[in-house]
Every structure is written in C-alpha cells, then in structure tokens.
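Per-chain residue numbering starts at 1, and chain names A, B, C, D, E and F are given in the order in which the chains are listed.
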Amino acid sequence: MEFVLALAIGIMTGSGVWLILRPRTYQVIIGLSLMSYAVNLFIFGVGGVKSNAAPLLGEGVDIAALADPVPQSLVLTAIVIGFATTALFLVVLLAARGLTGTDHVDGREQPK
Amino acid sequence: MTGETLLALLVCLPFLGSLAAAALLRTNSRVLAARMSGVVALAGLVMTAFLYPAVKRGPVRFEVEWLPQLGLDFTLRMDGLAWLFTMLITGIGLLVVVYARYYMSEEDPVPRFFSFLLAFMGSMLGIVLSGNIILLSVFWELTSIFSFLLISYWHHNAAARDGARMALTVTGIGGFCLLAGLLILGHIAGSYDLDAVLAAGDRIRAHPLYLTALVLILIGALTKSAQVPFHFWLPNAMAAPTPVSAYLHSATMVKAGVFLLVRLWPALSGTYEWFMLVGIAGISTLLLGAYFAMFQQDLKGLLAYSTISHLGLITTLLSLGSPVAAVAAIFHMMNHATFKCSLFMAAGIIDHETGTRDMRRLSGLLRYLPATGILAMVASAAMAGVPLLNGFISKEMFFAEAVETHADSFLDRILPYVATLAGAFSVAYSLRFIHVVFFGPPPVDLPKPEPHEPPRWMRFPVEFLVLACLVVGIIPGMSIGPFLHTAVVSVLGDRTPEYSLAVWHGINTPLIMSTIALVGGIALYAVLKDYLARCDDGPPLFRHLRGQRIFERVLVTVSWKWARWLESRLGTRNLQPQLRLVATAGLLAGVVPLYISGFSPRPPAFGEVDPVFAAIWLVGSVCAVGAAYQAKYHRLAALVLLGGAGISTCITFVWLSAPDLAITQLLVEIVTTVLILLGLRWLPKRSEKVDNSVALAARGRRFRDFLLAVGCGIGMFVFAYAIMKQPVPDAIASYFLERAYSEGGGRNVVNVILVDFRGFDTMGEICVLGIVALTVFALLRRFRPAPDSIEKPEQQLIQNAFDAERPERSAGDTVRDYLLVPSVIMQWMFPVVITFAVYIFMRGHDLPGGGFAAGITMAIAFLLQYLAGGVRWAEDRLRVLPLRWMGTGLLLAVATGVGAWLLGYPFLTSHARYVDLPLIGKAPVASALLFDLGVFSLVVGATVLILIALAHQSIRTHRVRAIEASKAEEA
Amino acid sequence: MNGWMQHLIVAPILIPLVAGAFLLFFDERQRVLKAMVSVLSCLALAAVAITLLRFSGAEAGFQGVYLLGNWPAPFGIVLVVDRLSALMLVLASVLSIPALVFSLARWHAAGPHFHTLFQLLMMGLNGAFLTGDLFNLFVFFEVMLAASYGLLMHGSGSMRVKAGLHYIAVNLVAALCFLIGVSTIYGSVGTLNMADLALRIGELDPDRRMLLEAGASVLGVAFLIKAGMWPLNFWLPGAYSAATAPVAGVFAIMSKVGVYVILRLSLLVFGEGESAGHGLNVLLYGGMATILFGTIGVLASQALGRLASYSVLVSSGTLLAVLGLGNGEVTAGALFYLVSSTLTISAFFMLIELVERGQDAGASVLAVTMEAYGDADEEEPETEVGVTMPATIAVLGTCFAAIGILLSGLPPLSGFVAKFVMLSGMIGAGVQSGGTIPAPVWWIVALMILSGLAALISMTRAGIRTFWASMEGTVPRVLVMEMAPVLVLLALTLMLAVKAGPAMAYMEETVRALQHPAGYIEAVSGARRAGEAAATTTAGEGD
Amino acid sequence: MTPLDHAAGLPAWAAILVSVFLIIGAGLTVIGTIGFVRLPTFYERIHAPTLGTSWGTGGIVMASMIFFTVLATRPVVHEILIGIFVTVTTPVTLMLLARAALHRDRAEGNPDVPSEPPVPPSAAVQAEKA
Amino acid sequence: MLPYPLLSLSLVVMWLALNGFTLGQLILGSIVSVFASWGMAALRPSKPRIRKWHLLPKLLGIVLYDIVRSNIAVVSLLFGGGGHKRRSDFITVPLDLKDPTGLAILAVIVTSTPGTAWLEYNSLSSTVLIHVFDLVEEAEWQDLIKNRYEKLLMEIFT
Amino acid sequence: MSHTILFWSVTIAQFLLAAAMGLAVFRMFRGPRAQDRVLALDTLYVNSMLLLMVFGIRSGEVVYFEASLVIGMLGFVATVALAKFLMRGEVIE
C-alpha cells in the first residue's frame, strides 16, 4: 500500500513539476493541480495508511485501530486552500492573457 | 549655567538655528536668515570662549544615555584640542556668515543655504566635541551629508551636482570604513568612550586587529581630508558657493580627517604601520597637491589643490609620530585655516566682482580692488611661508621635523627634499595667484566689466583673518601660544614636548630649507610663467589622468554597467527559471539533510500491495502523465486526464479510510473542472503545428526540466515512502479520538477537529476562500479579453449562422433545442441537490460531510442552473447575493467563536448539548454546528461568486463589444 | 489578570476579520464609510498591539498563551504572545495605519474590496505572528498571501497582473513546500504545536530526526521564498514594484514574516539539542548572496520602485545572514534593523508614488493604471479628496533624503543605529574571542558596508535625477493625506533612533527569551484551560 | 486484503445473491467498457457505457442493498438513490455529448453524419461560416 | 406553501432514505423539502401535469424490461453474436410529444436503454435524431419509440 | 462459506471494475477526439462509483456510501460542462 501510494505521489509530483516548468500558463495551472493532489496525498499518507478504519466513532469502536484523523483534517484544509488558489491562479492567468495578449507565463513570447 | 549644559547647547544651537532657518524657507528673507545664523555662530563663539577656563583645567564632559547597553552614549567632551577647533569652527563660521550675507545673490533661496550651513556647523562641532567615538562617526557622516547639500546648493548646475555626489560618495565610503574601524577600536579598547580609547593605546597597538582598524580609520580620515589617492573630490567640490568652499573646504570639514588623526594620535600612532601608511599618503599628497596647484587655471582650483597639499603636510607631520611634529600639525591646522579661508574669500570676491575665476582671463585687478588685493597678498604670503606670517612658523616646524630621523626608512631620507620641493611649489603657486590676478595689464573682456571693491562688511572677514595671520605670525607666543599649549597638552598629555613658537630660531637647517624653497619657488614661477598663461587646466603629465574622471568612469562602470549586467545574470524576470530554482531548492532541501545523515530507505515489500489499489493507481498515474503530456496542445484532454487523476485520488481517500476527504475532493474537483473550462474559453487556440522545429537549446531545456521533474518525482517518492513506513508517533491523534465524542460532541473526528479542536484553522481557511473570491471578482471587473478571444466561440458562430440562414428558424434555436431536454433534468436536480446539501451539512458532525462539502454542493446546485439556462435565464430566477453570503458566513463563524467569551471561555470554545425536543426526542445542538453554518454560508457565497463572476465575462464582453460597435458606427 | 484582557490576544486576528466581513455588506460607493471602518479597525489593532507589547514586557500575571477552543496546548491551536510576536504585531499595525491613510487619497477607489482585502491581510499577518501551531501558521500564511495576491493586483493593469502571475505561481509552489514540510514534521514527531515540537525533538530516534530535519528544510524553503533569499527571490522586485504604493507599503512587512518564522523556529526548535544549528549555514551564505544580489539590484535599478524592492532584498539578506551567525547580541541588533528597515521601506514605497507623480516615468505608470480604467461602463470618476501639500518639493526632497540616509545606514536616523548595533555585535564577538574575526563575519561586514554604499550611490543618483535634473517646474499634486503617512513613518524612524536605548533593551530581552525556549515551552504547555482549577496544570499531558 | 469478517454471519443465500449481482454488475460494466474501447466510431461507442450505467449500476446497487439489508436486518434502500440519479443524469451527459459530437462532425463536413434536419445544409454554408 | 407536492414528497422520501426513518427526520425532511421546492419554484419550470398516475408503474415496468433486454442484446453484439453483420446508423423519429417533461422522460428512457442514444431534438420539425447501435429495420425502431414509449407518455401527460 | 463466496465475488468485481477503469483511461488517453475523452471521463466516474460501492460492501461500512452518491448525483456536472464546452465553446452563456 505504502509503496503504491508513494509511487503515485512521486509520479504525480514529477508530472506536476514538469508542467509547472512549461511556458504556457495553462500547463502551469494543470501542473499546480497535479502537485496539489500529490501533496494532499502526501499529507494524508503521513498519518499512516489504514484501510477501513475511518475515524468515525461508533459503538464499541477500537480507538487505537482508527486512522489518524489529524492529517485528514489537514488535507481537508489543504484541499480547500488548493481549490481557492487554483481558482485565483486561473483568473489571474486569464487576466494576464487578456492584458498581454499571450498565454506565455512571462506575458511575452520568448524570442526563439 | 554649568559647563556641561553649555557644551550641549553649543552643539544643539546650530541645529536649532538650522531648523529655524528652514522655517524661513518661504519668506526667502536673506537678511533675516543671515542675521540669525550670525547670532548663532556668535553665540557659539562666546560660549566657547566662556568655556575656556574650565577646559584649561581638564576636559569638560556632557553625557546623556543613548544606547548604553552597547556603549553608545551621547557624550560631549571638550578638551584643549576640541576647544581650539570649536573656536575655529564658530569663529570662521561667523566670518563666513557675514561674508555670505553679501555674497549670495537675491535669486538664491538663501534661507536654505543658511539652514544647511548651520547644520553643517553643528555637525562639525559634533565631530570635535564627541566624547564617544561612535558619536564622532555619527557627526562625521552628518558633515558628509550637509557638505553634499551645500556643494549642490546650485543644483541646476550639473558640475555642482556631480561634485556633490562625488564628495558624498568618497566621504561616504570613508565614513563607512571609519565606522567599522572605530567599532574594532572600541572593542579592543573595551569601550567607545574616547577617554577609554585614548587610554588604551598600548593595548590597541598590540592587538592583532590593530592593522585592520588602522587601515579602516585611515581610509575614513584620508578621504575626508582629501589625501592622495582620495583627493580628487575636493577640486570638484569647488562648484559650491565660495563661502562653502571657504568654510568647508579650507577651514573645517577637510580638517576633520586630520583632526581625527590628531584625536586618535595617542591611541594609534607610533607604530611602523602608522608611519608608513600615513606617511606615504601625507608625503605624496603634499607633493602632488602642490604640483597640481601650480597648474590650475581656476582660482578656486588652485586653492583647492593647495589645500590638499597643506593637508598632506599636516598628515605627514602626524605620521612622524614625534610629539613636536604633532604640535606642529595642530598649529599648522590653525594657520592653514586662517590664511586659506581668507584666500577663498578673496577669490570669492574676485569671482563675485569679475564674474570669472579663470586665471587666464584675470589680470591687473589691483587697480580695481586694491584693498582686496593687499589682503590676498598677505594671505598668499602666509601660504607661501613668508616670515612674519603664521604660515612661516608652522612650516619651519615642519622643516625642522623633516630633517629629524624618525623610523629610519626610505621615507625619512627623502622627506627633507620633498618638503623643500613642496615648499618651493607652494611659493610658486602663491606667487602665481597674486601675480596673475593683481598685476599685469588691465583685464579685457570680463563677464562683469567694471569690478570694484565689495561692500565693507564683505571684506571684513578677510581683513580679520589676515590680521590673525599677521598677529600669529609676529607674536605667536602671545596670541595663539597658550591656547595651542592647552590643545597640545590635551592630546599629548605627559608626552608634551618642549617647543617654542618663536619667529626666529637662528640660522638652522629649516631656515636654509625655507630660503631654498622661497628662492626656488620664485625661480620656478619665473620659468613657468609664460607656459602657465596659456596652458590648459591641469598639470602636465597628469592632465589626462584626472582622478575625478577615473572615479566617475569606475563608478559608472561598476555601479551601473556591471551591476546591470550582473543583475541580469544573477537574476531573472522570467517565471520558468524561478520555478526551476524553487523546485531544485525544494528537492535539495529534502534530499541533502537525508543524504548527510546517511538515510537509507527500507526496501519495499511488494507482498502487502493490494492489486486493485495498484490498478487504481496505474490508472491515476497514466492520467497524471497523460495530463503532463497533453497539456500543451490538447487542453481539454489534459483537463479530462486531470479529472482522472483526481478520481484516483478520491478513491484512495475512500480506500484508506477518509470518506470526508473523498467527498470533498470530488466536489472540489467537479467545481474545478467547470472553473477551468470557464477559463479555457478565454485562452488562445493552439494548434500542434506551431512548435515542431525544436531548437537544440529548447531540447536541452526540456531535457533538463525532464530530469528535474523526474528527480522531484523520485525524491518525493522516496520521501513519502520513508515517512509512511515510519509509524506515526501518537502524540495528539488519540487525544482527539478519545475526546471527539465526549467533549466535542461529534462522532466524525475529522469534522470535530475541523470545527472544534482546530476550528481556528477552518476559520482561516474560509477567509482564504473569501479573499480569493473577492480578488477574482475584482480582477474580473477589469477583465479585458485578448482580441482573438473577444469573438464568440467558433461553435456559436456556426450555429447562429445556421439559425440565421434558415427562414423557419429563429436566433438561438439550436442552443434551445440542444438544452431543451437536459435543462429539464437539470432543473429537477436543483431541489434534489439542495436537499442533499442540507443532508451533508446536517450529518457532518457525526458522519462524513460538513459545512464545506455542503457549501460546495449548494454552489453546484446553483451552477447547474447556470449551466442549464445560461446567465440571463438563471439570474432572472435566482438572486444569489454572494457577498452577503460571504459576509454572513464570516460574521457567523466569528460570532460563534466570540459567543464563548460571554461564558468566560476562550474564542471558539464549543458547547455541545442534547436538547429534548417534542416529537423528535433528543437532538444534539452544538455551537460547532453554528460555526459550520458559517463555513457553509461562506463557501456557497465564495464559490458562486468565483464561478459566476467568470461566467459573466461572456455576456459582459459581448455587451462591451456592442457598445464599442455602436460607438464606431456613430463615428 | 482580568479574563477579558486575556481575550486581547486573539483580538488582532478578530478585529480585522470582523471589519473585513462587515465591509462586505456595503456597496462600493459607500467609500467614506468603508474607509472609516477600516481606519478604525487599524487604530484598534494598534491599540491592542501596543497593549500586548506592554503586557508581554511586564512578565507578571499575564498569561501570554491563548488556548483556542479551550483545548490544552499540544492538541488545540494556541496563540502565543511573547515579546517577539508582540513586537511584530506592533510593527504591522503601526505600518498599516499610514498605508491605509495613504490609500484613502485615491488608491482605495482603484478597484473593489480594497478595504476588506487590506483588513484580511492584516489578519493574516497578525495570525502568522501570533500562532504557536505550525499548520495554523500555514493557514495564516495563506490568508496573508491570498490577501496579498488581491492587493498586489488591486488596480489591475498589465504590469500588476503579470507580476501577480509570477508572484502567485512561486508562492503556490512555496505553499506546497510548506505543506510537505509541515506534514513531514507531523509524521516524524507527531505534533503540530511548536512548543511541543521543541519538547519532543530531544527524544527522537535517529531515523525520525533525519526526516524531521529534511521536513524542516523543506519548510525552510517556503519561508526563504517568502523572505526573499537569493536565488528564490526573483519574483519579489517585480511584485513589489508593481503593487500600488500603499500596498507595497504594507508588503514591506510581508517579507519579514518569513524572517520572523525562521527566527522563531530556528531558535525554538533548533536552538538546542542534537539538531541545533540545523541549516544555519544556508541562512548565512544565502543571506550573504541575497545582500549581494540586492546590492547589485539597487545599483542597477533605474526605476525607483525596483530600487525599493531591491532594498527589501538587501534588508532580508542582512537579516538572514545575521541570523545565520547565531549570535544573540547580533540577533537583537537584527531585530532592531528589522523594525527600522521595514518602516523605511514602507515609507519609501509610498514616497515613490508621490515623487513619480510629477515625472514622465510616473505618467507612464499612471497610464498603465488608466488602461485598467478602460471599461467605461464600470468606472466611477476618480475623485480626489483632501488638501494639497504646501512646499511639496521641499518636503518630498527631505523625505527622499531621509530615506536615502536610512537605507544607506547614515546617521542620524535609525538606519545608522541598526547598522551600528549589528556591526558592533559582530565585531565585538570577534574581538573578544581572542582577536580573530571569522571570515564570514568579515564578509557580512563588508557586504553591509557595500550595500549601504550602493544605496547611497543609487539614492543620490536617483534623487538628483528626480529632484534636480528633471523635476524643474513640474510640481506634483500631493495631498497632505498622502504626505503625512510618509512623514509619520520617518518620524518613527527618528524616534527609534533617539530611543535606541530602550528599544534595544527590548530587543535584547526578546532575544534572550528566544534563546531560552524553555520559558516559551513552559508557558505553552502549562497554559491553563478556562474553567479549570489552577492546580491542575498541563491537562492531557499524560496520555 | 481485509477479510470480510463482518460478512461471516451472512446467510448463504444472501451471499450468493449478492455475489451474483456483483458479478453481473461488474461484468456488464467491464463489457461495456471493452466495447467502449473497441468500437470504431464515436456514435457506436456512446452505447457501450450505458451498459454500466443501466444494469451495471443496477446490479451493484442491488448487491449493496441486499447485503446491507441482510447485514443490518432492516431495509437499507438508500443505494436506490444512486441508481435513480445515475439513470437520470447519464442521459443528460450522453445527449449533450452526442449532440456536441454531431456539431463538430458537421462543422468538419464529416459525410457519415446526418445533416441537420429538415433541410440539408449546403456545403456553401459550411464554407461561408468557416 | 407547496408548489410542487409531488416533488416535495419525493424529497421527503429521499431524505428519509438517506437518514433512515424517525419522526424527527420526517419533520426535518419535510421542512427541508419545503424549502427545496421553493427553490424549485423560483426556477419557474414548465409545470408537468400528470393525468394518469396508474400508467406510471406500467411505464416503469416496460422500461426496466427493455433495459434488461437491450443489455443482453448489446452484450451479445459486443461479443460478435447476433448472427448478422451489425449496422449502426442514425434514424429520425417524428414525435408528437411536446411537453418538455415528457420529452425528458422519453430521452432518459431512450438513452438509458443500451443500443439507442438520443442525439438531437428539433423543436421546429418535432423530430428526434436517434442513433441505433444495431439497426435492422428503421421503421421498427420508429414504431418502438412512437408506440411503446411516446404513446404511453402522451397518455400520462397532456 | 458465505464469507468465501463474498470474498471472491467482491474481489472479482473489484478487479473487473478496476479493469474497466483502466480501459476507460485508455480511451481517455487515446482519444482520438475530445468527445471520446469526455465520454471516457464519464465512464471513469461511473466505474469508480461502482468500485466505491463494492468497496463499501467489502468493508461493510455505509460511511463510504456518500462518496458514491456524490459521484452519482453530481459527477455528471463536470461532464455536462465539458460537453457544453465542446458544443458551444462556452460553458455558461
């Protein structure tokens, strides 16, 4: 489990990093989204991976067996903030594109 | 009034005067400002005089704590040397004020001049009176600043601006070095207090950092006193009004450097290093200054170089390390101030009356300015070292010292010759000054044709100073003698030598040297006279090697060209390299500590891998890589693939016991997809053809990026694996699990953490969302699409054209038909989704869900209607006021938190109760629910605001375009 | 201690939040009302901050720890007021008032929701200073950043938006680093509370310690980006110089947040024990590189805005390098410098706008903003309120000179004192320890002198160009309302210089407390829950 | 893999029923997806996933309902909501998507696609709009 | 108060299905459903009038049966069965049904049934373009849709 | 007994659904046209919803149900937006 999850995090990070280094704003926003997925999973994974042990308290639930709720709540916050920043970045890139006429991240086409 | 307060007043008074003069700025009243300045200077003079008896007994001190922990106090200390200098500063200050009263023209903003002048006077007094070496440095820098302002007083003149800047730069460098040097000195001595420093001379000289400190302090002193190789600023500073030159550049500021050397003489002097460093600087300055002076065509330039030379003389004297030489140095400082100041004033009068300072144009002025001429002659004679004038006595002392042996070195051996030679030069230029200006044929073609004697009081300062030259020169022992002695004692203390200030010491080596110099100088001038009358400004050999020009060029090169070049090399304004660096930094930050501490990850155990889970992540990875691959040309594909990666993430959350996260992730993803799609409309079309001819460099860049991406991926993988394999130390998790229900009143621990244990995080988080929504709103209000995106999308154009073409169709039929059936279903979904949102909200505290998820769900319900019917249709029916929702949400969340105050608990303390309701039974009522309601409200508002603001752009641009079109038609 | 007084700790966060939320209910056109609410909020903030500063100075009776939600320390989120955070709070609020007043003259009308964003920026700043919890720090960082994004692009225009794009992109990546760092720390130590972290770090086994250090380093990258360390700082000049004057004025403190956090965490967590001094070298050399880069930038900048931005870098670099020395006395000096340089740069940014108003360069800046006003259908006419400044040029020139003096560290303003205290500390440490001053110290000394010199050269060059060579005849229209903030900030630097003794005493006390984190840790873990008997301390510690 | 310990007490008939529904549902879904991959044109492919959204979903919903109902010994029916929603919403997607595809094909002048009724659009119109 | 009683009822049922049946949930669900139906009312949708309730189960039965049947048919087709060469094509079906709700239901039926997909409705000519996975006889399909579903729907609504 | 039956059937179902997801992603990656990708995403959503339901059976918990419900109820929104984008070039007009 850990191995698969870690690998997935690695691949998503790699793809994200590749994308944020690209020159088009759209690539950057996709890259940032991918990276935030990866980071969310990373935070989540830090709490240890437990299957079928959702931190919900019921009758006679063994507390020790439950998944760590802290990283989950952190991820939840991170998701929200990630969503907000993605939205913002999107609008900024649109505004930049509108004002500069290009979707290059620097607001001008690089001379070849 | 006690001596101490008098001392403080002495320093403060000029500054107060300066402020007062500045306040007169608008009145532009020349007379008033001048009078006030005169009064200030006079008061200073009188106070100083009053202080003499006290000073004679020993230093007078005034102390105020400033930064006592670090030994920086506002300590003023007046001893004999300081007293002498104070007299000089205030006395000459007074004379300069009187002179300037007549010199400055009506057009000049005179109050500003006097304001700066007084401030400078105060700073200069500060230097000489500082009892703390750091305080000295403070005043030191202040003199640099005010000298800058004074030199650039006529700032419309480019030469004045450049000269001022150069002076500030050079003395500024010196000042910084001086501060560093003084800091070292102070730390060696254990205190910044001047008395302590002076007392610690032996320790200082023995300390390993002595040389460092010495060099730094010397840089400070030598720059200020315009010693070679830092001398070049002084001639350029001559663009200043003449009173400034007379005051700063002859009498006071340039003396600060040598003053400092005298001041620290007991602490620093006497070593070989001191002798060599100071000596070389002094001797070369002495000689070069005199040499340069001879060939100046500008009156003030001549005086400036002569000043440099004389300062070199003083420096040389100080370098020798013998007490008698120190006496001579102090004495010569005084003498030089008097005659040079008067000469500057005389030059100013000439300039004022004739309109030029160029010696090639001046001639025979004695017939127009007889009194000034005679005064100038006497002063020049003093400068040349003619007997019966003050300059002679100190020069004799110098010659006497020059022939003595000090540290038995090369310098020692050449010094007598150098001294004589410099003396000859000095005679030559003094002679030239007088001869060219006052004798010879009447001047032709002067800018001001009819020169005449200046007003009585303008000449008075010159007269007074020349008188002083004479008095000191004839009866030194009775005039300056006692005061000089006090000063000398204050510096040398026990080492005060036997010396006599007699005019006549008998025929001895110095006298012979003097004679040689005098005769040689006259001969030299006779030889050079004709050449000098024609030659260009500047000395032969060095004419092209002009310090200021080199300096300017170096400054421009280093501080502008190189800096710009370096800035573009070391920095970038492009985003990609920045992100590359950030990614690299992040990678290194993660990897290097692990590498250093020799971390080795445990090999993975494949047996424990759930194949289904692995398959899901195979899917997810393909999506991620695919998105990376497609994002450039197939944007939609990348978005879809991103969705695939998102769904894998979501399944993972479910798989690994995080239903809350899964729901939230899903909802967010849906909204994000729509959001990006809304944005995609405004991005340019991109076809694959564009970039197939990949240049080698681009390939290289890509390869590098690829490596970096792979590196980050691997790094993250290893890191993640390592940390996941590490069982989490259970420090706080079990606390939450145990108390979530009993104290937090909820079974969903994650939710309880979010709204209770760590509710503050959530409050911040919703603020972020709110802020972003506002920013988006603000940005979009000013949104202007790129020209190629203003048009309606291609699809719509085709479809509209199709509708328009068919007679039986009306506009918009295609889209109406398109959405006819879907919109019905989407409308049905509206109440269902609302209900679902409420459901998610209500269960949040006990089961997966919560305010945030509910809020997004609610927002999706609205969004769906916009999708189904378009903006106009939806807004005709639904009035969402997102700002209200947001404001309410925030305030509700805060109010819930603040509510706890009333019960005496901290912010956000939650209260859970079970309430018995009729029919329903026990129902949990937690204040956290109210908080969650705030979250819900804000999320709805913010999400809707973001989405709808973006959606509005379509209709808005059309509207704007329509307006523009109608305008174009009208025109 | 009065219970109500205790709630003052959370007030610096709540006041701007409530003000900001409240303002949402009003239409953009009710500008006067909005401005009033905003100013009142900032005044209240300043009052609270100063009160907290006093309390945190007077040890007795004041519990500087606030348990949010009444949960004990390592579990819930705590806010901690110690001398350092109180100082930063005061600085932030003192800075905010002039900037806000400045904006009222015209800028606050250049786009919607200026005041809300401004208030929430203050909330983010204050939260970042107050919080004692790593993840909460992240949240407040994000609040601050989000608001700063909005404020940076306030007024729109292609320059701002372009700069904003870079700024946001870099900071988003930084935020991801932040998250990775925080979660790694949680994963290796199991706590998010800073004090608890410091407490537990001693008991870690080697594997965990490694991970912790790696996590802390990644976290450090995030802070260093914020603080503007070379080579992670190229976004800063663009962003700061593109922002509108009042916004750039508050931004002056934002880069200091990174420095603040580094200072706090490095001394709290890595002050003692096996991991002591972790990463100090990075700070030291990175800081030096930053000073150098900033210096070069200062010299190479023609536009005043960029000059000011590079001054921010110089200031950050100096702070980082000096912190990297790990010398307490110098650190105290660094705090003094932090305050002084923040005030200076803030004043500078605002002054630039006024100065450039009379210039061609300024006209082009204005044109850029005017471009944003293009949408005729949504633009209200720009109204100027207030009285124009008498003797404009003289006052502007004096202020410019004062700022030049401050930046280059010349007396008599606080820039000199700051430089003096740092240099004195560094040199003093070397001299007293047997006469050899280590090479890095020399480098820092040299760089500090060099940077001062560069500022001097650059400022005189710019000043001459602006005031003497080109401004002849064209006197910009400057309102008293715009000039007063600059003057107030400069007066503060003067006051700081005059009152250097007490100020330094405060700083030294602050650093002393920071160097002995036990007090902080004890205060946090020993904080009593409301409604709990005084005898039972550290609730829940025994789990 | 987590053993289904909680399911140990399930009566055999229920287990078999659940299994059958599960396999049917999953099988139909996977067959549909295979078709989705293999079919040559988009309009044919559009039919394939409906296997998953109709009885594929139905099967698993049934399985889940039976399983939880038997497990909890009370009727658990909320899964039916999923069935309803999927049934109601999938057509919306498919309809919109198919229509979009139709538009795109027409705009490109794909001959395999029926033209817009009732009057066939002329090629000239297409050219003019492009 | 209750603009859409049927809708409200469905919502209550949905609420109870989600939350389980208790008196409290019934009350809560009713309140929520009332609010939600107000939300629906704001949209001012075309209000369907259901005349013949009793035909609804019949329709449901037919549809379920057809779905099962066509599932089997499509599966066998996908596995190359069916004994003939499969031909998929578009057919146009003229419709008499005008009510949007009815059309929506028809569309849902047609699309949920594997093998047929509702592509395009033309309101002017009242025709619908349908894609059929395995088209043997065009008229057969037209007849199926017209008689089997549309007629029933017309009866229920109108 | 029932345990074994269920274990195997659940496992098989999960494998089948995972395979279905993989196939959908294949189509998503391959395209060739945008509509194929969007349809693939929709299929992926449904498949994962089913997978989650099976997971619910496997875990015997009802708490994962909401995730499936969210996909079932709201998953189509993203696809609708995508489809509309393809058709109209604009999501909300």
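Assume contacts are C-beta pairs under 8 Å (C-beta built on N, C-alpha and C of every residue); 3 or more make two chains touch, one makes a residue touch a chain.
Everything numeric in this text was worked out from a predicted model, so none of it was measured.
Graph distance from subunit A to subunit D, where chains that touch are one step apart, equals 2.
In this assembly, B is the chain whose CA centroid lies farthest from the centroid of subunit D.
Remark: the per-chain Cα centre closest to the mean position of all protein Cα atoms belongs to C. Between the chain pairs B-E and D-F, more C-beta pairs are in contact across D-F. Taking each chain's centre as the average of its CA atoms, subunit A and subunit E sit 39 Å apart. Rounded to whole angstrom, the centroid-to-centroid distance between subunit B and subunit C, based on C-alpha atoms, equals 17 Å. Separation between the centroids of subunit E and subunit F, computed from CA atoms only, is 22 Å. Computed from the mean C-alpha positions, the centre of subunit A lies at a distance of 28 Å from the centre of subunit C. Counting partner chains per residue, subunit E shows two or more touched chains at residues 14, 18, 107-108, 118, 120, 122, 124.
Shared contact sites, meaning residues of subunit D that touch two or more other chains, fall at 1-2, 32, 34, 46, 53, 78, 81, 85, 88-92, 94-96, 98-99, 103, 116. Each of residues 135, 139, 142, 146, 149, 153, 156, 161, 165-166, 169, 173, 180, 184, 186-187, 192 in subunit C touches at least two other chains. Under the touch rule stated earlier, the contacting chain pairs are A-B, A-C, A-F, B-C, B-D, B-E, B-F, D-E, D-F. Of all residues in subunit C, only 135, 139, 142, 146, 149, 153, 156-158, 161-162, 164-166, 168-169, 172-173, 175-176, 179-180, 182-184, 186-187, 192, 371 touch subunit A in the complex they form.
Contacts from subunit B toward subunit A in the complex involve residues 573-576, 579-580, 583, 604-606, 608-610, 613-614, 617, 620-621, 624-625, 627-628, 631-632, 635, 638-639, 642, 645-646, 648-649, 652-653, 655-661, 664-665, 668, 671-672, 675-676, 679-680, 682-684, 686, 695, 698, 705-706, 708-710, 712-718, 720-721, 723-725, 727-728, 730, 732-734, 736-738, 740-741, 747-750, 753-754, 758, 761-762, 765-766, 768-769, 771-773, 775-776, 779-780, 782-787, 789, 846-848, 852, 942, 946, 950. By the touch criterion given at the top, residues 14, 17-18, 67-68, 71, 74-75, 78-79, 88, 90, 92, 107-108, 110-120, 122, 124-125, 127, 129, 131, 133 of subunit E touch subunit D in their complex. Those residues of subunit D whose C-beta lies close enough to touch subunit E in the complex are 28, 31-32, 34-35, 38, 41, 43-44, 46-48, 50-51, 53-55, 58, 77-78, 80-81, 87-88, 90-91, 94-95, 98-99, 102, 113-114, 116-118. Listed in rising order, the residues of subunit F touching subunit B in the complex are 11, 14-15, 18-19, 21-22, 25, 28-29, 31, 34, 37-38, 40-41, 44-45, 48, 51-52, 55, 63-64, 66-67, 69-71, 73-75, 77-78, 80-82, 84-93.
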